[in-house]
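Note that the chains are named A, B, C, D and E in the order they appear, and that numbering of residues resets to 1 at the start of each chain.
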């Protein structure tokens, strides 16, 4: 298959003040794949995910060295953070729709980027909600508050909101951990669907989930990438003893 | 161990409990007595006239064209003017005005329209003084003149608080227009931009200090800087500027509270969608903080309405509707400053209490409004 | 998929300028408070300190220790006013804090919800009433009442001021104490009750001590409010032109009313002297403010650690 | 203020012809000649407020384009404002002091007013001599029984420092020679406060402008002389003083001049009389 | 050994409003023993514990029927709640010393009961802290804040505080769940020590703990006592299938 490199991470160190949260990360992330980050709590998965769309810029104390390139361009040196974030969308652990209508939530991104025409917005909203597999459920209450639907639906609205800005990459930080099993399955299906068009990086605590949906898996431990490779290999023949221990539930 | 002194404990418990009840009763009683006092003294003076009339009575000379009216048996009725007169303590006033009465088209000395109204007092007819006349005599006097037009000297009675009501509203609007944007912007800076450090500490220190300065000092400062140095004279602008500084801490801290309520995730997702900080503030943060900001404004209004020391020497004590921002015509008393003035100059506690009744109602309305907004806001957050 | 134009180039250009501009605007607004404080200090102090320098300087010592205020004869002494202000504030605190605290206890610990729903708004109303109304009340009710019992035969007195100030600081004391009492963790109450303490004992021995820094803050705020109050006090203080108060029935002339009474018309040195009175008041307030800031920051750090 | 209504387009001609005729009417001719317009700002004495407000009302009625605003700041401030050029007219309820009589300052005495010595109606004392009055205000006499009343402490009530009434009163009774105001005196702002305070205290003594004497307070005779306008005018009642308008001649506007003339005209003097003052003629 | 009945519980029902939290509890609790209450979360252990010293009296909505007697006296009918609580002390899950000095914490109870003499108080404080096995650690900082010591020490101070009122019974609601293993062991030792003098009832989630220290164990499930007996029997030969399932970790 196509193994085009989307992101290339080189010697990435990240400090929160004096605390080093990421240590010498080197990794290539591929286009059109789902890459899963796994590892015990506090190992730096979320931190690393956020460096990819520079959400860490917002935290005062963060210091980053090393480089990340997207399509060959250094995202820290040669790219505007805001531009980057419109190309790399993000979905959070807790469904967090804005306290506005469903429509306004999805239209938020396009509007931010200067689209005002109602017909264009209508189209984007419909397409995004359809892509996020939630259109049928909400099409009659687009003007209702996005907070008035179930958690699983909220999360799909958040995904639609991200899709509306037509990113190239979608980052998902434990997108299903707040959801019930059925909603979780829906989101997983959605992710598998979306990877045709978008590169997806997902952080998950759920081993089964990583196994089910991802193509590549990276195992993090105390800020380091212990092992990175095809999901099948990581789950079935891990090279590293620690990876094996973690996957078989011996710690974490 | 000793467990014998139950009685002593019960007694001291009862004593302390008694103190608690006594204190509460005292607090409630104080409130009741104050409100009772104000209502008792003030209610009799509160009526529609009190609310809508001017403070000072106003004399005007008018010219009125007579009409051909039908005579009537009522000696107090003036057919040629379409009005009915009535007596009241040595004066004669207009009791009724017909809908097509020419007094509705009366002209003043400058030939501007000055429509006569009910309860206007007539003190002169042409050059005849009406002092001591009865309504019938005045009516006869008017009818007796054969000219096509007649000249009247009328006094529109005062005794109302309209100018102060309007001045109070002007000052509220002005003050909030100045302090609102500055205060909200400050809060945004403090909550969204400021990095911990010396600047932030300095700003916070300043705000805390501003909050503690008594209003008389604001009065001193406002009089010196705005009234005298900036030559605004006693004016609503000088008053509003002084109050603006005074209100900054209130508005800033209340707005900050509201901003803090906005969950961090909203900011994150907005940034995650490629929004800039300004866009996030405009589209997510400010709308979310709106109820809190409204409450901040209401708190501000409450303080403006109640303020006296900082206004007396900046906005002055003239009972007029200001028609400019600075200068002599901008000097204006608010309800509260007029109330103070009244006690001091005339010792008239009753009228002062009537103003106090209006103030109390205003304050209660403001309290309820801020409660409602908060509750509405909480409910919205709660149910969703 | 069709690409939307906004992706390509508009973003960074679009974002830069207004972002910076508004950042600047917000900062300037935030600095407005700092500027205001500086301006107030600068103007009030420069005018207020003027009479003590230059050729016909008035002795600051005479000013600060003086027992008489008679501008007509060029006598400016404020010590008796300081004494009056301090005594009035002290009296208000001594009365207001216990009453306010106990009322707060009632609201937070004893009163059923329905009663709280009535009393709390009432106290908020008390807080919102303009001080002039308190003055009118003092003049119409308290002064005549004291008239009857005072050996000096007059109601305008330290006592009248204390009464009105007590009423005026009550809402501050009550609402702040109440919220700090409510903030005391339930576990303290449980522990105390579990040791066989009665409810009243629990309140006085465990809850109030645990809420003490909040209560202290309330007290300090109350002091600030009492010492700064002007209009209400002016109507009932007597405003004598000299002499230390000898008893609770003596007249006083608080610093604030000295300013308010003569500010409208004073000019020249007389006006400067009123600003000098303002400086004294300001210094008092600053001390109180700084105490308060220290207290609240201590309170804040305590809250986070426990 | 109410002429917001649209003027009818077809005005009766009679009305139009009547108006100019009216302005030439003899009694009002003096005040209405010319088209006076402009603003006059008056600051100063609060004792004159009642008289002044009526004068202003009448004058602006005659001259609808004139706007007059009055702020009561106390006599001293009013004169100081005039000297500083920050008002058009300063009102004073006492004679100008020597240092206030600068070149170019013009004073117009528009009324004389008596200062009444007010006590509570319950007080049995009805007369006071000037000598006793000084002693009371300087603190030498402290009990009503020293002046023929019952055994009770005298509560001395005075006015704030800028008051023209206080200035005139102290001058008239020569309080300074007796050592000045007793320290313990109650100092109140405004005639109203003094009146109110005396009304509420059986042992109080205060002084107010004649116009503040009503049923709540009792005016003492001074040295046996009734406090009436006639007696004050005749000079037999010793506590009387002038009401003065002060203005700078050089910067005087025509409106201000017209108002000053109005104040001493027949109409203006009528208001003086209405409020218990004494006409200047 | 001596099997004197301390508490006798008869047909005890407890409602929070309409919700029945305890259902027909019948149980005898013995003097000089440690009785452990175990059961899954929400089964009513704490609720039952609190009925024993009438701490539930403080909750508006609580309604109780049935009876509890202590030494034959009905604690609801024939005893003052405050008097009862001085005889039945309580130690809570979270260490909750008052924000005062260690000394004042321990002296709190005696003072409440009217003891003012310093020498007497000194003696009580020292004895209680010694009994709670914390004297050596804090004797030099009695005037320091009780909040300034470790959680385990705080909990022992709380126990000392309870001992200072010389109760007959000590109720402990998960007293070690907030503590580290070493502190936990200390408290357990202490409990074993104290049962010579005091009857102890302890709620615990920790099966091992119940097994280690208690003489009697009651197993609660949804407000009912499923099984009650000697600890050894409950842990080794439970009569009830549910007890067995719970103890062997099959649910809960």
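Definition applied: contacts are C-beta pairs under 8 Å (C-beta built on N, C-alpha and C of every residue); 3 or more make two chains touch, one makes a residue touch a chain.
Because the structure is predicted, anything quoted here is derived from the model rather than measured.
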{"item": "Chains touching both chain D and chain E", "value": "B, C"}
{"item": "Centrality ranking, top chain (CA atoms only)", "value": "C"}
{"item": "Chain A onto chain E, rotation angle from CA fit, given as a multiple of 5 degrees", "value": "175"}
{"item": "Centre distance in Å when chain C and chain D are each reduced to the mean of their C-alpha atoms", "value": "38"}
{"item": "Gap in Å, rounded to a whole number, between the CA centres of chain E and chain C", "value": "48"}
{"item": "Separation of mean Cα positions, chain C and chain A [Å, integer]", "value": "53"}
{"item": "Multi-chain contact sites of chain C, meaning residues that touch two or more partners", "value": "11, 15, 139, 198, 201, 235, 264"}
{"item": "Shared interface positions of chain E, touching two or more other chains", "value": "83, 86, 113, 165"}
{"item": "Numbers and ranges of chain B residues touching at least 2 other chains", "value": "9, 274, 276, 343-344, 349"}
{"item": "Chain C-facing residues of chain B, complex", "value": "9, 12-13, 16-17, 19-24, 26-28, 30-31, 33-34, 37-38, 41, 181-183, 185-186, 188-190, 192-194, 202-203, 205-210, 212-221, 223-225, 245, 248-249, 252, 274, 276-278, 281, 302, 305-309, 312-313, 336, 339-340, 343-344, 349, 352-353, 356, 359-360, 363-364, 366-367, 371"}
{"item": "Residues on chain B engaged by chain D in the complex (per definition of touch)", "value": "54, 56-61, 63-65, 105, 107-115, 117, 127, 147-149, 151, 153, 155, 233-234, 316-318, 320, 328-329, 331, 342-349"}
{"item": "Residue numbers on chain B that touch chain E, as the complex places them", "value": "1-3, 5-6, 8-9"}
{"item": "Residues of chain C defined as touching chain D within the complex", "value": "68, 70-73, 139, 143-144, 147, 152-156, 234-235, 238-243, 250-251, 253, 261-262, 264-267, 270"}
{"item": "Contact set on chain B toward chain A in their complex", "value": "195-196, 263, 265-266, 268-276, 279, 283-284, 288, 380-381, 384"}
